[in-house]
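Report on the structure given below.
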Amino acid sequence: RTYTHTHTHIWSVSWAMFQDVHVMIFIGFGFLMTFLKRYGFSSVGLNLLLAAFALQWGLIMQGLWHLDDGKIKVSIFKMINADFSTATVLISFGAVLGKTSPVQLLIMTILEITIFSINEHLVAEILEANDVGASMIIHAFGAYFGLAVARMLYRPALRNSHENDGSVYHSDLFAMIGTVFLWMFWPSFNSAIAESGTDQLMAVTNTYFSLAACVLSAYAVSSLVEHKGKLDMVHIQNATLAGGVAVGTCADMDIGPFGAMIIGFVAGIVSTLGFKFLTPILASNLGIQDTCGVHNLHGMPGILGGIAGIVAVALGKKNGSAAMQGAALASSLGFALVGGTITGLIMKLPFWGQPPDQNCFDDSIYWEVII
Amino acid sequence: RTYTHTHTHIWSVSWAMFQDVHVMIFIGFGFLMTFLKRYGFSSVGLNLLLAAFALQWGLIMQGLWHLDDGKIKVSIFKMINADFSTATVLISFGAVLGKTSPVQLLIMTILEITIFSINEHLVAEILEANDVGASMIIHAFGAYFGLAVARMLYRPALRNSHENDGSVYHSDLFAMIGTVFLWMFWPSFNSAIAESGTDQLMAVTNTYFSLAACVLSAYAVSSLVEHKGKLDMVHIQNATLAGGVAVGTCADMDIGPFGAMIIGFVAGIVSTLGFKFLTPILASNLGIQDTCGVHNLHGMPGILGGIAGIVAVALGKKNGSAAMQGAALASSLGFALVGGTITGLIMKLPFWGQPPDQNCFDDSIYWEVII
Amino acid sequence: RTYTHTHTHIWSVSWAMFQDVHVMIFIGFGFLMTFLKRYGFSSVGLNLLLAAFALQWGLIMQGLWHLDDGKIKVSIFKMINADFSTATVLISFGAVLGKTSPVQLLIMTILEITIFSINEHLVAEILEANDVGASMIIHAFGAYFGLAVARMLYRPALRNSHENDGSVYHSDLFAMIGTVFLWMFWPSFNSAIAESGTDQLMAVTNTYFSLAACVLSAYAVSSLVEHKGKLDMVHIQNATLAGGVAVGTCADMDIGPFGAMIIGFVAGIVSTLGFKFLTPILASNLGIQDTCGVHNLHGMPGILGGIAGIVAVALGKKNGSAAMQGAALASSLGFALVGGTITGLIMKLPFWGQPPDQNCFDDSIYWEVII
């Protein structure tokens, strides 16, 4: 038989968690990006294409490190890991959303997952670092990889924004479908590959507390920095999730509910402030046009999660070495920035059908659209 | 370790049920309320804020009754109960939707959950009444609490309706996302805290049958009372769910499929007729402006569920005392009406930023909205 | 006690799978059909009505074949089968979407499920054919039943299309909610009634691979056949799912990941080509107006699945007889075409309120709609 079969109990929990992660990948990421008023088909449609391609490529790339009698054997556990590798690509997709062709994105998928699987192997097997919820190897990696690609694909003509680079009322509601599913199922994401049932339960509850606290700080800061105390939908759609990212590395550590809530609370603040103040500076001063603000949702909270992991291991909350945790964070950032830069250069080659500036953020260049 | 860990089998079923309940709270309630044409951001956005805050407060309030060595210990079971306490607030939110500020709603959350946890303790521990699906302690309680608040916040100027107090085509479709997720996962809601696997299975199937029958009567009555036999989206969005509410108290009792279907069938009739005939009377004659019609979805079906529970216990379908079931219903209604009235008076104080009449049902007072 | 209770482990996996199938039936089918610009209320609303009615009728019809002491006993397994019987009706509903009254559809539901349960009994119990994911008995059956009904209800006046028989931007996004939930949870559909945990895991992974490959071929072919290499939303919404249909019969057979991927890949090609070239011919030359293109999503891929099952059994991938597999396919098609024709004739009787041509594809004939 081609398949490995795990024990029934484990299979039932794993299966529920796999389905939750699957919903995050296909509904969560897909609809979160539908906020753009004229780019919803591409957001949810290319998300489906890239994810379906990425999980196959991810199974192969990750499987090559764990050959069993010369074959890649499939299990629910490996399907979860394949979805994880897919997440890195979808995060990077967020950074370049609206400015790349499907072919460019497929090339990015192949290269990013290849590089991801090298870094993942290094972090997990060589450095033996903890990263159960993948703050470092998925979120920080995917964000900085995407930002490096975005830097390479910089479009000076879009410096003063683009008429289609924005939302309308209903597109923001579609995006909230993505946000809420991501928010609800993030505890499954952070616990799906935990080692034991006890670790899994701890990862679930820590993530639950971090996300709950993060919502409060994201709303509070959004209201503080906006005109007349109003809320900004961009913050609510994204920064409410930063707690899930930031608690990832520590999720299965005994940091306690308050530890988890502090991480989530800080992540909500950092993420919201990033959207308000940092994203415009990155675009105008550094030439990094980050369509979805992945730096605020995945980048900074991912680094925060890596640092929290270093501190927690240093405090003895989990077996491991603070130095190795630090090395894992550095490795993830290094592979992301170098890999993303090289990938961006390849994507910039003139024969991949990159859309011209005036057709950015517009479905009608790739889809039959009836207006 | 801070967490209690239940046996693996139980953990896997509980986890699946928790996730279903979580989807009901965040997607179900959140999108159900997006039917208002200009209030979708607030519906799903404030739903997220209130629920994330409420579950933390609920964990503390419920945990204080069950301290373990001076500490509140967290488990999946307690997370389910925290989501339950959240549901009461979201039901009351439906009654005052569009007419209250976020600060008013946070105050309501604190007070309502505090009062809820007292009544829940009384019903479950002192009266030892059955209410597995919480027809009385969540649905009736949340509805009458919200109606009492709405009475206190009565706005004479909105007596003749408000231009934004209505739906458009796409907002009604967004609301159907909420309806359908609530409908599908209600069996998990009514069975999540059942005592044994057998009770849980019975609660699942009874709720399944009640909901299926309720859909038929809701559609039939909607068509009967509307002009030219047409269907009204308001009825479909709401009254199809009344069967889940009404079977709640009896869900784990051996009432048989036909018993469950009769309860659901009656609930669908009562709820639809309530929307058509009672809600306008409450608004015009009693000064109770119930935006979402929670009286029809949660109030009357909740009382129906309580009465069904009294009858079922009297018929020996479950251990217990019919008198105690009656006392539990009376207690839930009493706490709701008194608690809601006091809470409404506090919410009416002039410094909580209550929106003026002309800005009701309009996101743009609290959100950056691009029209 | 009225209910049968299966062992705890099984109950937990079954429950998770049941909920996934339930989501496919109510959200998946319901929203998939909301692509029509003026028929979203009917799509998701009548889907709810028909499914809630069908599952009750299906429980009875299927239960009559398996009476236990003169009674129909309910279990999660039977609830899954009831949802399956519902699926046949919803597939046929797709063929006649926008052209039938609710009363006509309820009549179709009663007749179709009755005929379905006869054919299912024949295929499973008499022929003892394999069809774990129901390529033949649900997908091919439902599609050809619906096409036969559509042929009987042929409307010459709609030969040159109808102004409301099309989508708008947001209605296509609502439809993608249905597509993505169907895509994600199809592995549960194909494995829910597998005989053992090992078979279930195999059905899950085979379906997963088939669907992943199918997405790639559907996108590729859509781009090849459309003007300027663009993608067509109709293809993406539907043909990406054909792999789930086509791998159904073989899902629990040891066909290997590559076998599953080849089936999915071919299904994606056949389905997309069907939408592009065959559907217009069926409508103009044969008088079969197939609103949702169920022939492309369920019909041809269902036959493909049946043939793949014949081949796989002939190759010894599963116990069984290739002849019996062939007989099962022939029986399913025969019952569908004859049953659908008779049902269509009954539905054509003039007193069921069939909408006039000019009111087709328009909610306002059955719903209170505020434009």
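In order of appearance the chains are A, B and C, and numbering begins at 1 in each one.
The rule is simple: a residue touches a chain if its C-beta (ideal position, glycine included) is under 8 Å from a C-beta of that chain, and two chains touch if they have at least 3 such contacts.
The structure presented is a predicted model; accordingly, all values stated were derived computationally and were not measured.
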| item | value |
| --- | --- |
| Degree value of the rotation bringing subunit A onto subunit C, based on Cα positions, nearest 5 | 120 |
| Interface residue overlap between copies subunit B and subunit C, same or different (over half shared) | different |
| Averaged-CA centre spacing for the pair subunit C and subunit B, given as whole angstrom | 34 |
| Sequence positions of subunit A contacting 2 or more other chains | 9, 12, 16, 170, 177 |
| Subunit A partner contacts - residues on subunit C that touch it in the complex | 9, 12-13, 16, 20, 166-170, 172-173, 176-177, 179-181, 183-185, 188, 197-198, 201-202, 204-205, 208-209, 211-213, 215-216, 219, 226-227, 230-233, 236, 240, 254, 256-257 |
| Residue ranges of subunit B in contact with subunit A within the complex | 1-3, 5, 8-9, 11-12, 15-16, 19, 22-23, 26-27, 30-31, 34, 40-41, 44-45, 48-49, 52-53, 55-56, 74, 76, 79, 102, 170, 174, 177, 366-371 |
